[in-house]
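Chain naming follows the written order as A, B, C and D, and within any one chain the residues start at number 1.
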Amino acid sequence: MKVDKTRLEFLKKDAVQGFTRTIGLVPVSLNPGKFVTRVKLVRRLCQQDGFAHAGLIAAMADHTAGYASYSLISEANRILTVEFKVSYLKPASGDFLECKAWVIKPGRQILFTEAEVYSIKGTVKTLIAKAMHTMASVPREKIGAKKA
Amino acid sequence: MKVDKTRLEFLKKDAVQGFTRTIGLVPVSLNPGKFVTRVKLVRRLCQQDGFAHAGLIAAMADHTAGYASYSLISEANRILTVEFKVSYLKPASGDFLECKAWVIKPGRQILFTEAEVYSIKGTVKTLIAKAMHTMASVPREKIGAKKA
Amino acid sequence: MKVDKTRLEFLKKDAVQGFTRTIGLVPVSLNPGKFVTRVKLVRRLCQQDGFAHAGLIAAMADHTAGYASYSLISEANRILTVEFKVSYLKPASGDFLECKAWVIKPGRQILFTEAEVYSIKGTVKTLIAKAMHTMASVPREKIGAKKA
Amino acid sequence: MKVDKTRLEFLKKDAVQGFTRTIGLVPVSLNPGKFVTRVKLVRRLCQQDGFAHAGLIAAMADHTAGYASYSLISEANRILTVEFKVSYLKPASGDFLECKAWVIKPGRQILFTEAEVYSIKGTVKTLIAKAMHTMASVPREKIGAKKA
């Protein structure tokens, strides 16, 4: 499927609103089926011991995988997360989190994605979490969503 | 294992800081191995179509299950999420989200938990997500955490 | 949805063929959206340390959840597993494994299920694994399946 | 960690017994942290529509990831599956299934692994499932296992 540059630019902006604005998500690059994002690791995103909150990491992976999926579907459709699983390889701290997500199996109704989350401290990049998602592509009207 | 009332009160307060303060998590009740929390569903916690963000729901379930686990372990230890899986039964909107999490198998090093997330709109309560987690109980010193 | 008794009887028999015959799966009871099965725990189903193989437990949970789903869908459709997650609460031994699976959220295209697996030794029944699945209900023709 | 050639040869043989003999698992190659296996896709391993049973695929991925983990731990320890998640990208048929599993994060107590399962039909190889596992390395005595 050919993906329009204007569409990619639109989605990259669209990815930041509501909850992702709250967590300070920054889109880095969006290519068909592949999205990279960053989050500055500040205290208000951490858990009780000063590590990045598992929930933040999960949210980042989910959203990055969601918009990676978005880039492959019809504009008439929206993406909803069906389910995901995330494994935390080590406690995460550092300056930034970076998430790379990609579609491993596209589909008209169901897309499967993976995401890796890295912590970045100076020049050191460490894989700290890995996730797998099932995404649903649903007609906009079906969920009462406005055109976007 | 007997759990001290003072300990439960401490954990209930401790549960809200950093990221959980950011998402407005409100502890409802904490009993040994069982925790209930709420989040007011405001725009800044939602995704692009106005539903509760999947990442928010995951974070809520993770944290509620984490502190349900906390109530069963030694004060010398801390809880870290090893991994979890969450299924989204339907798109969530409403006034509040409520999460109920419980330990299904305690253990000295590994605890297994489940969590259900409900949307609450007026008097209607709907199950919108279900999660299963693996939690690790690790000695405080091992992760360099301060006494709490 | 009303489920015909004849249909339930058919599905209960249909559940044992190919791989499930190989593992000696025995249907215990099938009700709309709920299936119970058993497997006799013999050496050829165990792993290197004499416990029930994790793969056997996963297979049993998957199949039991699959036919629990089958009982709720149109006869024109078939069930395929989209994905699942299973947690092993403790190593399993004993005389039998018993699996109880149920649909937690039916749907026209997607069904969510849960399954619990118990080991049974004499009169002692122990929960040893828990699983969550996403099932797809797909038109028979779409996967080239014969009428059943 | 250096892994002895004799140890690898032992594990490659040890991998086939009980349940894995029942499903006809064939070890292809075992290197430190990486295992490849095959299964001939015969009728008695399939489900009702003639596809490879989801449970078979899960079992194969679990076992291959388990012995990939085995190759990295102390001989005094055994591997038990803590949990896993598997996604089915498409219905699987063909002559063989091939599974490739690798450790993505080793550890003294917990190892994280991934596995890919391919169907092979003549010269065509198709990715049909992907799994992520959490494995526990436990002292032999703790689970009452004999020396191996």
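By our rule, contacts are C-beta pairs under 8 Å (C-beta built on N, C-alpha and C of every residue); 3 or more make two chains touch, one makes a residue touch a chain.
All values reported here derive from a predicted model rather than from experimental measurement.
Counting C-beta pairs in contact across A-B and across A-D shows that the higher total falls to A-B. Remark: subunit A and subunit B have CA centroids separated by 22 Å (rounded to whole angstrom). With centres taken as mean Cα positions, subunit D sits 33 Å from subunit B. Taking the mean of the C-alpha atoms as each chain's centre, subunit A and subunit D sit 30 Å apart. Those residues of subunit D in touch with two or more other chains are numbered 82-83, 85, 87, 134. A complete topology is adopted by the chain contact network, contact being made between every pair of chains.
Residues of subunit B that touch subunit D in their complex: 82-83, 85, 109-110, 132, 134, 136. Chain contact summary for the complex, subunit A toward subunit D: residues 85, 87, 89-90, 104-105, 112, 114, 127, 130, 132, 134. Interface residues of subunit D facing subunit C in the complex, by the touch rule stated above, are 14, 17-23, 43-51, 53-56, 58-60, 62-63, 66, 78, 80-88, 91, 143, 145-146, 148.
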